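In the two complexes below, subunit A is the common chain; its partner is subunit B in one and subunit C in the other.
Moving on to the complex of A and B:
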C-alpha cells in the first residue's frame, strides 16, 4: 500500500486523497477553516499550510535516490503547501506544526491576520465555545495582536433571509456558505460581494436567502457570522447538552442533535450520517422547537361532570381500562400512528389483538408536492414505514368518518395523532368513547376525549422509527419528564456512567418537566388491568420481540441500530 | 552620455527599426496593415507545406520568446504544455490584455496602433495549438480601443481571415473580445478565466494548471498581448532573426513603458537588454529639470525598487536584472528623482494593492490593508520605528503563502522600499524614546 510519512509516522492509505483529509482521518489534527469534506476545495483560508517533500527520483533510471544511509532523499517544496488541496502520493513526507517551526509560525501568522479585522465579540457570540476560530486561535494563534488600527466596518444584523442572520464583521471569508448554496443545495442564493478586506457573503439584489436548507450555512460557518434567526442569543453553547437522535418532521429520518437546557429544546442541528443525511438538515426540521416546549399537557385527564378533569396516572389508566372493558373488541377502533415509534405501535397491535379488535389503522399524512429529491419528503410523519411493516392499515379521515357513521364503533383508541385536525368532523365522535394519547394541548381531538393520556415525544422517549428508505433508527431522550422511569434515565445523555443522575448532568433538572409518559409504558399498564399482562423491561426488549416476530424487522435490534441505524433490507438478509 | 555603455545588450539600438509599433499611419486599419505586409505570416502558415502546428511551435520555441506578461516564461515551452489534441475536448487560447499594474501601459499601444499584429499572432497561435477559440480579455477602461478592435475584427470576419475556413484553407478559429470590469486581479491568469466564465474573479489554486484545466475546465493557454504580437514577426523573419535582437537569453523587441520624472515619458520599442541608464537618459530624454535620479522600479509597481546606485551597467533582461536585485516584470519603468518622498510613494503603492486584493486568502486580504495602515501612519509622521520591523514581518507572513502572486506583488515593494530606503522611513517615524539611567527618558537618534 502507498505510504506517507507525517511527522515521522508512516501512514498507509488507499486511493487518491487530499492530505488534510488523510490527516484528519488518521487523527492528526491540522488547523483549518475553509475545507469541508463534501465541497470543493478553494484553499483560501491558508490555515492548513504544511511542509511537503517528495522523494527524489533519478531522471534517467526513475529509481529513488538514496543518501549515504540508504534513506530516500527528500526534496521539499520551496513554499509551504495547503494540506487541503494537496494530493497525497506515495513516499510523500509531511511536516506539521509538531515538527516544523516554519509551519508553527505560518499557523500563528495566519491566525494573527484572521483576527486583525475580527470584532472579537466572543462574549456575546453564539459561536463562542464551539467556534473553530476561537479554539484554533487559542491553540495555535499568537498571544496578542500587533494591529493598532481601526477595524474594518461591515454590516451587522443583516437578515439574509427569513431564517439566517449575518454579521459580516465576524466573517472570515471562507466561502463555505457560498459553496453550500452552489454545490450542495444548488439554490445559488449567496455570493461574496465587494473586494478584499470588505468581502462578505450576500444574496443577489432582490433575492432573499430562503433556500429550504439555508440554515445549514449556520452550522458550517466556522465563526459566528451566520446564525439561525430563531435561536440566536437564546443559549450559550456550554449551557446546553446535545443528544444524538433523529428528526421527525418528515420520513427521511435525518440524524440530528437535540440541544437541551433546563429540559427545553433550545436548538436542533444536523448530526453526520453519511447513509442518511450526510452533514445536512432541512430548515423545517429545525423549526419545530415549539412543539416540544410549549402547549404541553400537565398530566392525564379524565372526563367527569361534562368536562376533562385533571387526574392521576393510576386513575386515568384505570378509567381507560374500564372504557375498554365496557365494549366488545369488535366495537373498538384502534388508531395507531405514523408519529409514534415502532414499539408503541407494536404494543397497540398487541392490545388490539388481545381484546379481539381489528388490526389498528393509521392515518397517512402525505402532502403531495411538499418534498424534494433530497431531505424533505411528501410524507410529514417519521414512521409510515414502521406502521406498514407492522401490518397496520393505512387510512384517511374520510374513511374513518364513514366507518364511524356506520355506528358499529363504540370506542376509538387514538395513539399519538389528531383525528380532528386531520379532517374528521368533530361531530363524528359524538356518542363514541375516545381514549387519546396526545403530545400537545392544542390537539383538536382532545375536546372529544374521555381519557387523555399525555404521551412522551421523540425528545423524551426511547424507540425506533423507519424512514422512507427503510432505514431503522432509534431515538434517545434529550430531556427529562416527570415521573421516574429507569429506562429513560439510563438512556438519557449523561456525562459519565458513574456520575449518572448527579446535578452535573445537564438534563438533570427539575424545571420544565412535562407530566407525560411514553406510550410503551402506558399501554402495558392498561393491558395489565384488562388481564393481558405485557411485561417488558423496556423498549429494547419490545424491539427485540418485534425483530423476532416480524420478518420485516429481522435483525433490527438496538445493538444493531447503534447511533447510525440499519437498512432493514440489508440487515434482514444478513440474519 | 555620448557612446552607448559597452555593457548594453541592445546593440546598435539607436538605429533600431520598430517592428511591433512601426511608424505607419493608420496601421490599425486592416487595409493599411495588409498593404504593409500584414497577414502574410498567417497565409504562409495556413497554406503551403512549410508549416504545420508542430513546426510553428518549434519555431517560437527556438526564437526564445519569453512572455511579456511579467513572469518572462518561455512562450514556446508553455505552448507544449497543452495536452495532445482530442477532437472531443475543446481547447482555448486566452490573450491577456487586462494590463492594470501601475506603471504598465504598453499593451494599450499595441491594441491602439497595431491590433492586427495581435490578431495575426492569435490566429497563428491558435493554429499552432489547434485551438478553435481565443478570448481576448481587455481591460474595460480601454473602451475606445475595444470598440476599434471590434470594428477591425468585424472586417476580418467579413474577409474570411477569422471564422470558418480561413483563407479557404479549411482552418477555422474564432476570436472573441471580452471587456473586463476593472479589477487588477482579473489580469492574473486563473482569475481571468473565472471572470470569463462569468464568475467572481477569485484566482484558482494551481495545480491544475491552465493547460490541464483552464476555461470551463478545458485545456487553455494564456499569453500576454505583447507576447502574441511577437509571433507573426517570428514567422515572417525566422527564429534566428528574432533571437538575434537584444539580449541573448531574453531576446526580441520590448515595449518599454517609461513613466515618472523623465522629460519624455512614454512607450518605447527597443531591443531587449537596453541599459536602464540609456532608457532614462537617452530614450526618455533624461531627468526632468535636470534633477538627480533617486530610484527606479524597472518592471511595473510590484518589482523590487532599485536605488540610483544600483542601476549602473544593468540591462533590461531577465537574468541581468535579477542579479542586480530586481525583476524584469513588464518592463514598465517608474523613474523617481531626488525630490521623491519614498514613504509617500510606498503609501500610494500599498493603497493600490490593498484596494485590489481579491480578498480570498487571509494573508493577502488582511495583510495588504495592514501594510497600508502602517505606511500611512509613518507617512503622517505618526509611525514608530518598530513599525518598520513589523512591515518586514508582515511581508514574511504574506509572501509565498497565498493562492496567487498578488500577495507577493504587494509585499515586495514594501520589503524593498523599506529595506533600501530605510533611513527615509526612520526619519519620518516618531523618534524612539529610551529610558535613561535616572528614570527620565531621552529621544534617541535613529542609527543609520
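Moving on to the complex of A and C:
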C-alpha cells in the first residue's frame, strides 16, 4: 500500500485521498476552518498549511536519490501547501506544526489575520466554548494582535431567515454556509456579497433564508456568525450535557445530540451517522424543544368524582388493572403507537394476548407531501416500521370510530398517542373506559381518560426505534425523571454531572424533573396486578427477547445497535 | 459614541427593495437574447457567462437593481444568489441608480501625489455635489476610484466604465463637463510611456496624431 510520512510517522492509505482528510481519519490534528468532508474544497481559510515534500528521483534511472546516510533525499515544495486540497501520493513527506517552525509561524500569522476584524466578543457569543476559531486561536494563535486600528463595522443581528441569525462581523468568510446551500441542500439561497474586508454571507434581495435545512449552517459555521434563532442566548455550551440519541419528528431516525441543562432540553444538534443522516438535521427536528420541556404532566391521574384527580403510581396502576379486569379481553381495544419504542409496543402486544384481546392497532400519522426524499419523511412518527415489524395492525381514526360505534368495545387502552387529535370524534369515547399513556397535558384524549399514566418521552427513556429504511437505533435518557429507575440511571451519560452522586451532593439537581414513567415500567406493573407477570430487568432484556423471537428484528440487540444502529432485513413493502 | 465608530462600513443592503422596473420592461429583445446564447456557449458552464450577462444588462438598463440581476440569472439558468454575489463584488456593476456620466476620479497613490484630490475637489465644486453623489439633473455621478492602471498619465479619471481622461488639469475638467453637458463626448487620446517615446519614434501605436506626448507630471497642491 502507498505510504505517507507525517511528522516521521508512516501512514498507509488507499485510493485518492486529500492530505487533510487523511490526517483527520488518522487522528492527526490539523487546524482548519473552511474544509468540510462532505463539501467541495475551496482552500480559502489557509489554516491547514503544511510543508510537503517528495523523494527526489534520478531522472534517467528513476532510482531514488539517497544522501550519505542512505536516507532518501526529500525535496520540499518551495511554499507551504494547504492540506485540504493536497492529493497525497506514495512516498510523500509532510511536516505539520509539530515538526516545522515554518508551519507553526504560518498558522500563527494566519490566525492573526483572521482575528484582525473579528470582534472579541466571546463572553457574549453563543459559539464560545465550541468555537473552532476560539479553540485554534488558543492553541495556535498569537498572544496578541499588532492591529491597533478600528475594526470594520458590519451588520449585526440580521435575521437571515426565520431560523438563522447572522452577525456579519464575526464571519471569517470560510463559505461553508454558501457551499452548504449550493451543494448539499441545493436551495442556492446564500452568497458572499461585496469584497475585501466588507464581505459577508447574505441572501439576495427579496429572498429569505427559509431552507428547511437552514439551521445546519449554524452547526458548520466555524465562528459565531450564524446562530440558531430559537436557542440564541439560552445557555452556554459548557452548562449543557449532550446525550447521543435520535430525533422523533419523522421516520428517518436522524441521529442527534440532545443538550440538557437542569433537566431541560436546551438544543438539538446533529450527530454524525453516515448510514442515516451523515452530518445533517432538518430544521423541523430541532424546533421541538417545547414538547419535551413544557406542558408535561405532574404524575398519574385517576378519574374520581367526575374529574381527573392526582393520584400515586401504585393507585393509578391498580385502577388501570381494575378497569382491565372488569371487562372481557375481547372487549378491550389496545392502541399501540408509532411514537412509542419497540419495547413498549412489544409489551403491549404481550399484555393484549395475555388478556385474550385482539392484536393492538396503531394509528398511522402520514402527511402526504411533507417528505423530501432526504431527511424529512411523509410519516411524522419515528417508529412505524417498529410497529409493522411487531405485527401491529395499521388503522386510522375513521376505522377506529366505526369500530367504537359498533359498541363491542368497552375499554380502550392507548399507548402514547392522541386519538382525538388524530381525528377521532371526542364523543366516540363516551361510555368507553380509557386508559391513556400520554406525553403532554395538551393531549386531546386526556379529558376522556379514566386513568392517565404519564409516559417518558424519547429524551427520558431507553428504547429502540426502527426508521423508515429499517435502521434500528436505540435512544438514551437525556434528562432525568422523578421516579428512581436503575436502568435509566445507568444509561444516563457520564457527562451529566447533575446526575451523579447522592441527593446530598452539591451538584445534584432535581429541577424540572417530570413525574412520568417509561411504559416498559408501567405496563409490567399493570400486568403483574392482573396475574400475568412480565419479569424483565430492563429494556435491554426486552429487546433481546424481541430480537430472538421476531425474524424482523434479527440482530437488533442493544450491544449490536450501539451508537450507530443496525440495518434490519427489509420486510415486505415499506410504509 | 463617535459617529464614525458606529457607522457601518459595510451596511446591510435593502432586503426588500421596491422594484425599479416593471415586468413589461424586464424582457430581452431578440438580439439581446441571441447575444446571451452566444455568451452561454462560450463557457463550459453557464456561470462563466455571468459577468458578460450582467454587463449586457447594465448597458440596457443603466444599472442593476435586484430584478435585473434576477432576470440575468433566469436567462443564464444559474442561481440568483450567485449572480447577486458577482454583481456586488465588482464596483463597475452599479447597484444603485447613477448619473448618465459616472466620473471615477483616481485618488490612488500616483494620482494622489500628482493632484488627484485637487481634481476631485474641483469637480465637487463645479458640479456642486459631494463625492459619491449624483447631480440633480441626473447627468453626473462623481466617484473616487482606486488605481485604474494609468499612473503614467496621472492624475486621470474614467468616464462611465469607459474612456480614460489623462493628465488632468482643472481646465481640462471644465472643458469635459461643459462638453458633456452639451452631449459632446471626449475624443480618444492615446498615451505614450516615456521610455518608449524614443525607441518607437514618439509613439508605439498607430494613431500617432492622437497622441498627447509625455510631459513632466503635475504635483498635488498639498505636496510640499
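The criterion applied here is as follows: the second predicted complex is superposed on the first by the 555 of 575 C-alpha atoms of A that agree within 3 Å, B and C clash if a C-alpha of one lies under 4 Å from a C-alpha of the other, contacts with A are read in each partner's own complex, and residues count from 1 in each chain.
Here, contacts are C-beta pairs under 8 Å (C-beta built on N, C-alpha and C of every residue); 3 or more make two chains touch, one makes a residue touch a chain.
Computed from a predicted structure; not experimentally measured.
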Task: Simultaneous placement of subunit C and subunit B on subunit A, clash or fit - done: clash
Open item on the list: Applying the document's definition of touch, where does A:46 land relative to subunit B and subunit C: first, second, both, or neither?
Closed with: first
Open item on the list: By the touch definition at the top of the document, which applies to A:206: first (subunit B), second (subunit C), both, or neither?
Closed with: second
Open item on the list: With both complexes overlaid on chain A, does A:172 touch subunit B (first), subunit C (second), both or neither?
Closed with: first
- [ ] With the two complexes superposed on chain A, say which partner A:554 touches: subunit B (first), subunit C (second), both, or neither.
- [x] neither
- [ ] Please work out whether A:152 is in contact with subunit B alone, subunit C alone, both, or neither, and reply first, second, both or neither.
- [x] both
Open item on the list: According to the stated criteria, A:198 is in contact with first (subunit B), second (subunit C), both, or neither; which is it?
Closed with: both
Open item on the list: Between subunit B and subunit C, whom does A:397 touch in the aligned arrangement: first, second, both, or neither?
Closed with: neither
Task: Contacts of A:425 with subunit B and subunit C, given as first, second, both or neither - done: neither
Task: Of subunit C and subunit B, partner touching more subunit A residues - done: B
Task: Superposed model, subunit C segment overlapping subunit B, candidates 45-53, 63-71 or 117-125 - done: 45-53
- [ ] Check subunit A for residues that touch subunit B in one structure and subunit C in the other, and list them.
- [x] 152, 191-192, 194-195, 197-199
Open item on the list: Show me the residue ranges of subunit B that touch subunit A in the complex, using the header's touch definition.
Closed with: 183, 200, 202, 205, 354-363, 365-370, 373, 377, 390, 396-397, 400-403
- [ ] Please name which positions on subunit A make contact with subunit B in the complex.
- [x] 41-47, 49, 78-80, 82, 85, 106, 109-110, 112-114, 116-117, 146-147, 149, 152, 172-173, 175, 191-192, 194-199
- [ ] Using the touch rule from the top, collect the residues of subunit A that touch subunit C in their complex.
- [x] 150, 152-155, 158, 168, 181-182, 188-195, 197-200, 202-207
Task: Footprint of subunit A on subunit C - complex, ascending - done: 5-17, 66, 69-70, 79-85, 88-89
